[in-house]
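In order of appearance the chains are A, B and C, and numbering begins at 1 in each one.
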Amino acid sequence: MRFSEKLVCTILLVVVTFFALGGSALLYGDFQDRLSSLADQEQNRHDMLCYTLENEILSLHRQGEAVTESGLGSFCADLLEPAEGGTAQLAALYHTDRQMGQGAVYSCLPAVWGASMLPGSGQQAILRSGDSLWRVYCTDLLDGWTLYSAYDLSEAFAARSRSLQRFLLLEAAVVIGAAAAAAIFSRKLIRPLALLNQASRRIAAGDYALRTNVRTDDEIGQLSESFDSMAAAVQDKVAALELSVQQREDFMGAFTHELKTPMTGILGYADLLRSMQPDPAEQREAAGAIYHEAHRLESLSGKLLQLLHLDEEELALGPVALDRAVTMAVKAARPALEQNGHARVETLSTGLWVQGDTDLLCDLVLNLITNAAKAGPGGTITVSAEQAGRTVLLRVRDQGCGIPADQLARVTEPFYMVDKSRARKQGGSGLGLALCSRIAQAHGGTLTIDSAPGKGTAVTVTLQAVSKPEEGGAS
Amino acid sequence: MKRNRKRGWMLALCAAAIVPLAAIPLGWFALTDAAMVGQTHTQQTPYTSLVPTGDDYYLLRQLNTRVELAWRNYNGQMYSTEDGVEGMYFSGATYSGGMTYADADMQQYRDEVLQTLVDGGVLPQAWWDQVKEEIDYWAAPTYYSTDSLGFLRLKTYVGENSQTCLLNMEVDSRTGKVVALWISALQRHEIDPAVALPAWVELNELDGLGDWTVPTGTDYEQSGLYSENGQALMTCATGEDTFSSSGETRQFLSLQLGPYTKEVSG
Amino acid sequence: MNRILIVEDEQTISRLIEVSLTRAGYACTVANDGVKAADLIQDNDFDLALLDIMLPGLDGYDLLEYLRPMGTPVIFITAKSSVKDRVRGLSLGADDYLVKPFEVEELIARVEAVLRRTGQGGQTLTAFDVTLDLTERRVMRGGEPVDLTPREFALLEQLMRNRGAALYRDVLYERVWGGEMADTRTLDLHIQRLRKKLDWHDKIETVYRVGYRLKKE
């Protein structure tokens, strides 16, 4: 059963119940009023009858005439003879001590009214005769006479029936009207819910960008709001999930490419060497290719392992003398510098201490210097550091070719290479900056790159500054 | 499918509930009618019967008038009727010399009246037999007189010029109702006032006054019946006849109906 | 001789393919990025293109659209091995799809298959007075047909495809018969029969401790 139908049914039941009860009370009250006003008239007529009869009896006594049954009987008949303007009247006269059944002096009461049904003196009762109802009054008169008179109530009941008929018609109209009004009202009330339902279904089916947008200032509005914020949360989560899946796929794609390319080279050249005896030049080329590709694989796997390692393990960070790490890195970078046109490295001694891991920081600086060396042969590479509040800004600047602005955001992605062929030639794996970025993150810092094509690149890493530890402490 | 069916059921149920609810007035009236019919109630303003007075009864009115006129007569006043007719009240003679000798018809009338009293349970049969026997024994003559209001007095003596009166009776000549009876006999018989007096009330059609009661606390406690409405007293007494001037001891029975007020009796 | 365009940004790979296909008797042109490849396509008429998908500049899919109107068959060479990528490449109109790492033998077989299928091939190998018709699987010597068994035919094909190179016995056996070489007698016997049938007693040289070599002209 739909909610709106439940609402309509409930409203209708309530309306009908109260209307019917109220109407009944009203009609009943009216009817009682009518009966009691009729009762006044009837009582008057009954009293008049009693008075007339007693007067007749007394007048007979006064004249010394005998009071005979036949005389009183015919007197009663004469009294009731003229059909008066009011309701029909019946009467009966009995001897008080000779009760019903032993014959009345006069009676036009219906025979169905037995002695036990008739009221006693000073009482009244409503009795049924056929289709009509009569109110019967009884009074004991002088000289042991008992007078009954009955008055037709049919008109009152008929009037009530007419009122009831009108009321039922009115009630039907009210029910129909109430049903229509309730239907319209509940539809209007339910509409936001239906919208909400529709929207939530579509969201559940995957349309996460959809919002219910039901704006009412009641609970439904609040529900809609909650639902919208839930949908927003779900959308964010799904987007994050999709992004992560996308990143993973990208990573896997790049990774397979980086892995399979050297393997293809190695396989191909090894097959060549295995299957025939080529001339010495070819032989040397093949061997060289195999060596380089294997070397590439080795470097790739090393960096990859380091990257995975960073992802998996919590680092134990301690105070590190920045100068020492930089010095070590520069020493280690010498072969790379020599390969790339003997670039010069300028380091500025700062005496700063940072929170970190010496080996990782050394790797970080080494990678940055190597990258810088590859960027522009023969230039000067500057490694500097400065403290800004609680952070230390470590900067490696070169005067190389720079990175195009549109690719700046992507260079820290694993396997991303600005110039693939040049990177290959220089034995790059595309993981260097990704690794640096991860090391910076592992130190609770960030890595930002500023670059202008043709002028040079500056990579800035933020690290947490610490004060120089006491002598004899950790180095 | 199943849900639709359930929904249909619910809607049908709702409609089925609305119809009887809408018909509440019908049920209401059916119930109240059933409760109303045959139920007996006290009337709101019950009719109070007229309270009759002595004047409402011809016999008492005659008696009252007689008392009043006799009193006026004594003062030598004329009486006037409602019609403006004025005249004197002439009472009938009470001694045999002033009365008319009654013929057989009158004697038969006397017997019929007495027989009516006996049949009405007022006069015990024994008393009637006793009187009858003594009348027949003496062949007692009867005299009568009437007054101007129409009261007939019948007197039966033991003999002509005898002072011993066997029977003295006053009857309203128009209605034939006895207002006084005096019987003198050699033998006393039982009469119960508690039976005789109500019977006499009924015979005289005075029961309409409705308040004939024993006047407790008065001299008539044993032998009287008093009506406040009618201002009338009925008495019934027996005793030794000390009024007759004969040698033997006689017994009497007296039935008397007359106007009476408490002030007077007091 | 079929002209083949090799588009591959990895120089090691492009060089390997170039060497292998040249030896197998194809004329190769190498392009190391998409833009250069597009220029080459515009200026030359190739019988087949080997395309890497991930290329700097224009990628393999872009180049495919360049090549489709010219009717040049295309084989994709890529590290992307997922079915999705394969279907995408093939549905765009690539004729075949080769996943890295691949073996040179397989590459050559695919190239031949595609050429044959597109009717560009009907390739024949020629050495001295002998012509090897790969399509008809027939050998002619000085216009006269020579009757060869399938093994002899395969052996001859190997020798002709690697002219001037001394082929190791075990590799030859592996390529013609398949599997490990049980004894050298079978291979030696077939070589003798070939020499005899083609009258190539001095053309097929025995290289000491290595195997056999077809002399260059």
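Following the convention adopted for this analysis, a contact is a pair of C-beta atoms (placed from the backbone, for glycine too) under 8 Å apart; a residue touches a chain by one contact, two chains touch by 3 or more.
Worth saying up front: this structure is predicted, and the values here are computed from it rather than measured.
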Innermost chain by mean C-alpha position: A
Label of the chain whose CA centroid is most distant from the centroid of subunit A: B
Centre-to-centre distance between subunit C and subunit A (centres being mean Cα positions), rounded to whole Å: 66
Separation of subunit B from subunit C, taking each centre as the mean of its C-alpha atoms, in whole Å: 162
Whole-Å gap separating subunit A and subunit B, where each centre is the average of the chain's CA atoms: 100
Subunit A residues touching subunit B - in the complex, by the definition given at the top: 1-2, 5, 9, 12-13, 16-17, 20-21, 23-24, 27-28, 31, 39-40, 43, 46-47, 50-51, 54-55, 57-58, 61-64, 66-67, 117, 119-120, 122-128, 133, 137, 139-144, 160, 164, 167-168, 171-172, 175
Residue numbers on subunit C that touch subunit A, as the complex places them: 9-13, 15-17, 19-20, 32-33, 54, 56, 79-81, 100-105, 162, 165-168, 171, 175, 207, 210
Residue ranges of subunit A in contact with subunit C within the complex: 253, 256-257, 259-265, 267-269, 271-272, 274-278, 282, 285, 289, 292-293, 419-421, 424
For the subunit B and subunit A complex, residues of the former touching the latter: 6-7, 10-11, 14, 17-18, 21-26, 28-29, 32, 36-47, 49-50, 52, 55-59, 61, 172, 174-175, 205, 207-208, 210
